[in-house]
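The letters A, B, C and D name the chains in turn, as written, and every chain counts its residues from 1.
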Amino acid sequence: MLRLLRRLEGPQTLGRGPAFWAAFAVVLALAVAYPWFADGYTVGNTAYFFCWVFMALGLCLIWGYGGALSFGQTAFFGLSGYAYGVLTLNVGAAYGFTIAAVVLAVALAAGFAALLGYFLFFGRIGGVFLGIITLSVTLAMERFMAQTAGPDWRIGAARLNGYNGMSGMPPLTVPWFDGDLVLFPDVALYYALLGLLVLTYLGLRILVNARFGNVLVAIRENPERAEMLGYDVRRYQLGAFVIGSALAGLSGTLYTAWGQYITPSSMGLTAAALPVIWVAVGGRGDLTATLVGTLAVLGGFQALTIYGSQYALVVMGLLLVVVVLAAPEGLVVALMRGLARLGRKAPAR
Amino acid sequence: MVLLDTVFAFLYQLGDAFAFLVLAACGLAVVFGMMGVINLAHGEFIMCGAYVTVATTRAGLPLPLGILAGALVAGAIGMVLERLVIRHLYGRPLDTIVATWGVSLAATQGTLIVLGSSMPGVGTPLGSFTLGSYSYSTYRVVLMLAALAVLAGLYLAFNATRFGTLARATIQVPHMAEALGVDTRKVYALTFGIGAALAGLTGGLYAPTMTIVPTMGTTFIMEAFVTVVVGGADIFLGTAPAALVLGAVRAGLTSWQGQLFGQIGLLVAVILVIRVLPRGISGLILRERA
Amino acid sequence: MTRPRNGSRLTALAAALMLGATGAQAADPIKLGVLEDQSGDFAVATIGKVHGIQLAADEINAAGGIAGRKLELVIYDTQSDNTRYQEFMRRVLQRDKVAVVFAGFSSASREAYRPIVDQLDGFAFYNNQYEGGVCDGHMVVTGAVPEQQFSTLIPWMMEKFGKRVYTIAADYNFGQISAEWVRNIVKENGGEMVGEEFIPLGVSQFSQTIQNIQKAKPDILMTLLVGTAQASYYEQAAAANLKVPMGSSVNVGQGYEHKRFQPPSLANMYVTTNYIEEVDTPESKAFLAKWKAKFPNEPYVNQEAENSYHAVYLYKQMVERANGSTKRADLRKVIAAGDVCVDAPEGRVCIDPKSQHVSHTIYLAKVDEKHKISFPKTWTDIKPYWLGQAGCDLTKKDPMAQYTPSNPPKP
Amino acid sequence: MTAILETRGLNKHFGGLHVTNDVDFALRENEVHCLIGPNGAGKSTFFRLLIGEYAPERGQVLYRGEDITALKPFERVRRGLSVKFQVPGIFPGLTVAHNLEIALQHHLEGASLGAEIRRLLAFLNLAESAGERAGTLSHGQKQWLEIGMAISLKPRLLLLDEPTAGMSPAETFATGEMVQALNRDGVAILAIEHDMAFVRQIAQRVTVLHVGRTFAQGSTDEIVANEAVAAIYLGETDAARRTQDA
């Protein structure tokens, strides 16, 4: 146990030492305390942002650590969103089944990722081809789901309902002493997601600093050498792909439960671009940077849509270009490195 | 006569699908095959060519000149983009994908803001001809011929001109070419420009047959990628046969089961090709690394 | 308190924020949320909807407001993106605390926000022509539905051109459900379906489809195509010299394709719509004059723009008859009376209490070789009858669901 | 003496070009063996066949009597075969110590891992650079780091592809001493090499590869004295001179 905790910091994650963890504690305390000061909308909106972060963290693992650019995050997002809908519409929400539905839906996404990833990585498809094929799969799934409007397209009681999307699934519920606790997008859901997010973040930190993460970055840096150190490169890439895709699936179920709605356009071209933007802008090489970057970009673009209207997409596109050119490691990583350099300089040696 | 009717109808559909795939893919294939760069803004170059063609034609230029103008403008913008963005990303193929995606998003929405949500078209020229019980658009036959002409032109450009020799030398052994005094940067810029100009040409050619909207590039992009992935890096040995096979798959499935199956069939074909010829694609990747 | 003028959403928003979340007092303005796509794929058809609402709000405020309270608009651009509808629907209901929301263009966007309106007990107007079937007490639909457009159009066309009908439709809910309506109405009128083809969204090449149509030799072609890519069909069909009379419920009235495309690609098309700016009545002309005075650069005033405009007046009447209350329960009592009607630019429109949909005047618009519009026929007071007949009665029960002819309410 | 690595009738061709042609070769246990030959002799292809990156059209590769022809590279590595590439195969974005950690984590962890990293850094003359990114090292240092990673796996057989390419004479000599030290610990070594001084320093036996075949074999002195070998090298220089003249 202690050994695991020691893996919370290591060469693969920025931010270590007491200063970082103190800052982490402060941020966490603020996150815990802030619903007391904010209105319902703000809290619900933040919870909504949290829904997306898992997908970004998953892509960070696949792309930033594993070096494989997947455009397929939204395919798993959509798949498990629909799975959540189908399961809960058929079984209902009693006895906390929604939690079981989340687990099953994420498992389904992981299973599909394992299948697709087996084909990709064991077929030695890498580099830009991986991106193109994952994108094709995503768009094919969107097109397929878009035409399921007819009444024959149903799984049990759940109609897939084509492009209009599937709705009517229950929100998350937790079994409680006096009846189920419904996690409407409000304070309760916020805390549930915050807890889940912190666990996922810390879990991923342990994972990337452990043996697995070491091998993963080795593969990113030089796959041939990694293989010649006796590692089965395909297996590790597949592992990262499955975990990352499962996280996208988790995002999908949470989003579906949040809005009680899932649509094929969640898998469309623009949707598929979003995780790449979040991760690239924040800094794909580091989990903390991805986490911070994703929240910042989500909030920033929502604000931009409210105030800057139609220029949001232009800014988004240009931001991507500028980041790739000027700060290829990502804005947050650049910022954190800058801070670290300052910190090192301060106690003059 | 009925048989002839049906055969011609199928050939026409095959040629139509083939032309669309070749024209959609050729610019992408040049840039990818020669430079190893995947250009996700490819569709926006097509859109750019279409806009320029329509604007100049409506301003009074004859359509063929308008199409040429579209190709030239797209090519020029392509070279500017190469200078500003792509050049700094050689050797970082994944970053190039991300950056060109950014360009694509910004270009689509930027066009919407500046030029509005749609533009009046120019109308399809040349009318129609009738054979048996079907009537056909003559212009689409022109498109088929244009696809063949583009393939032939590319073959000549890269095999029979000094630029072509230099380009291939640069791509195969960059430092050798540099040592021989070739300005490799210029070669890359020109190659990217040619790719963009081809995309612009495609946009111009299809402009009279489509609604002119900022998102029109996206209707080409999937087909372009599919063709390039199946065809591989070599434009002549890869793209043309790939377009032929995929065109047959699509025309066959569409006439048999409808448009949805035509589309899904394309994607299944890609996955099958990659499954059957994994060495082909991985061999490609190895060559690209070497 | 200033009401937002064209393009000054920032002021409106800042004002809204300053006002904060206070309870409704008599002097406070009534807040009306507007979520429409002002950018992205759908913007071409929806910018006019925002303008329609602004025009109506201006007129109402100039005439003293609703029950003595000013109408204040809170407008967001939803970017043709379903997730933005979800985000902003929460925002207008939870933060801006609007009394009513006018929202949505695509059916997918409506289905995206509907669970949120239901969950937060909001009240929303969907001012758009659509595939029909929404039976939800939180919604009022002012757009036309298939029974209004097809039960008029198809019998008329079959009488004029013949009984063999071919449908090409976008392969999603709107297209599939509309095609189902076409099928049923053709059968009821003794016609024959000689072909039916569904086109995936985003397809732009139609050579094969054109050939299929030529093979089937229909008398009437119903084109239920949606989106800018599919609109390429008309140009390609015209180039291939395909000249079957076309019928549609979605073209011209919504995307004003006759203005945007090069003639004669839309020649010989017949469309049923509840309003377009060519409608040649004194009411329509007066309306158009007011519109052009306020928005001189408007490319076109389509049926959704008119729906949005008269929807504000329908809402005004409900609130005034509920003695100034904006509570949903009070307003629904007013609707249940069955006589909430206004004289709209298209003619008289009334809310049907069972489905909370609106009756319309339906104009048959014909597009000629030069893309000029004429109106061979007009039907007044066409009711949205299907939902009520099928068993949706919102005065008794609120299922908050969407039904289709093949998936009707369960008794 | 038994062979640790053996090839039987190994064939590989690209298109019509036979690059490796019926090569029979045996490497003895605990031997330092150099593979030389003019450019285009098929050395690199042969090397890639040994490590499993290429699959042969015909023939077998045996490691300690086991047929490993169908095994993947990583499976060969796990059996005790380790490789150093011609172009330094390191993880450029990671620190030097981290590079070694990734190689060592197979069989060590915790404190003993740290101790072994420090021991290796000292052995490789890289202790000063432990915290630097491997990509910033000098060329020679990268070569050493890679040798360090290769021997971290505690191999029984080490394959070196031009280990001294780009090194100064002093660095080359130091590398030779490393190789000999490893050999004393019981590691068999097969090196592809151009530098005859280095070959002389380390090799117990030398094999000459020419147009995809084993052309000659013997001690360094025998090979240097072999006129036929000199002829093929001269032929190469002659050919080179002729093209330059043309």
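Basically, contacts are C-beta pairs under 8 Å (C-beta built on N, C-alpha and C of every residue); 3 or more make two chains touch, one makes a residue touch a chain.
The structure displayed is predicted, hence computed values, not measured ones.
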Fill in: Each chain counted as touching chain B and chain D at once
A
Fill in: Those chains which touch chain C and also touch chain A
B
Worksheet item: What chain sits nearest the middle when you go by CA atom centres?
Response: A
Item to complete: State the pair with the higher C-beta contact count; candidates are B-C and A-D.
Response: B-C
Worksheet item: For chain B, which other chain has the most distant CA centre?
Response: D
Worksheet item: So how far apart, in whole Å, are chain B and chain C when each is placed at the average of its C-alpha atoms?
Response: 38
Worksheet item: If you average the CA atoms of chain A and of chain D, how many Å lie between those two points?
Response: 43
Fill in: Inter-chain centre distance, chain A versus chain B - centres from mean C-alpha coordinates, in Å
34
Worksheet item: How many angstrom between the C-alpha centroids of chain D and chain C?
Response: 74
Item to complete: Find every residue in chain B that makes contact with two or more other chains and list them.
Response: 109, 112-113, 218, 260, 263
Worksheet entry | Residues of chain D touching at least two other chains | none
Worksheet entry | Two or more partner chains touched - positions in chain C | 39-40, 43, 171, 198, 200, 202
Item to complete: By the touch definition up top, name every chain pair that qualifies.
Response: A-B, A-C, A-D, B-C
Worksheet entry | Complex interface listing, chain C residues touching chain B | 39-41, 43-44, 171, 197-200, 202-205, 207-209, 211-212, 214-215, 228-229, 231-232, 235-236, 238-242, 260-263, 265
Fill in: Residue ranges of chain C in contact with chain A within the complex
9-10, 13, 21, 38-40, 43, 76-77, 79, 81-84, 86-87, 90-91, 94-95, 107-108, 110-112, 114-116, 119, 171-173, 175-177, 198, 200-202, 401-402, 404, 406-407
Fill in: Residue numbers on chain A that touch chain B, as the complex places them
63, 69, 119, 123-129, 131-133, 135-137, 139-140, 143-144, 147, 269-270, 273, 276-277, 280, 310-311, 313-314, 316-321, 324-325, 328
Worksheet, complete the sentence: chain D contacts chain A in the complex at 51, 53, 72-74, 77-78, 82-83, 85, 89-95, 98, 101-103, 105-106, 110, 146, 149-150, 152-153
Discussion item. Per the contact definition, I'd like the list of chain A residues that touch chain D in the complex.
Written reply: 3, 11, 211, 214-215, 217-218, 220-222, 224-233
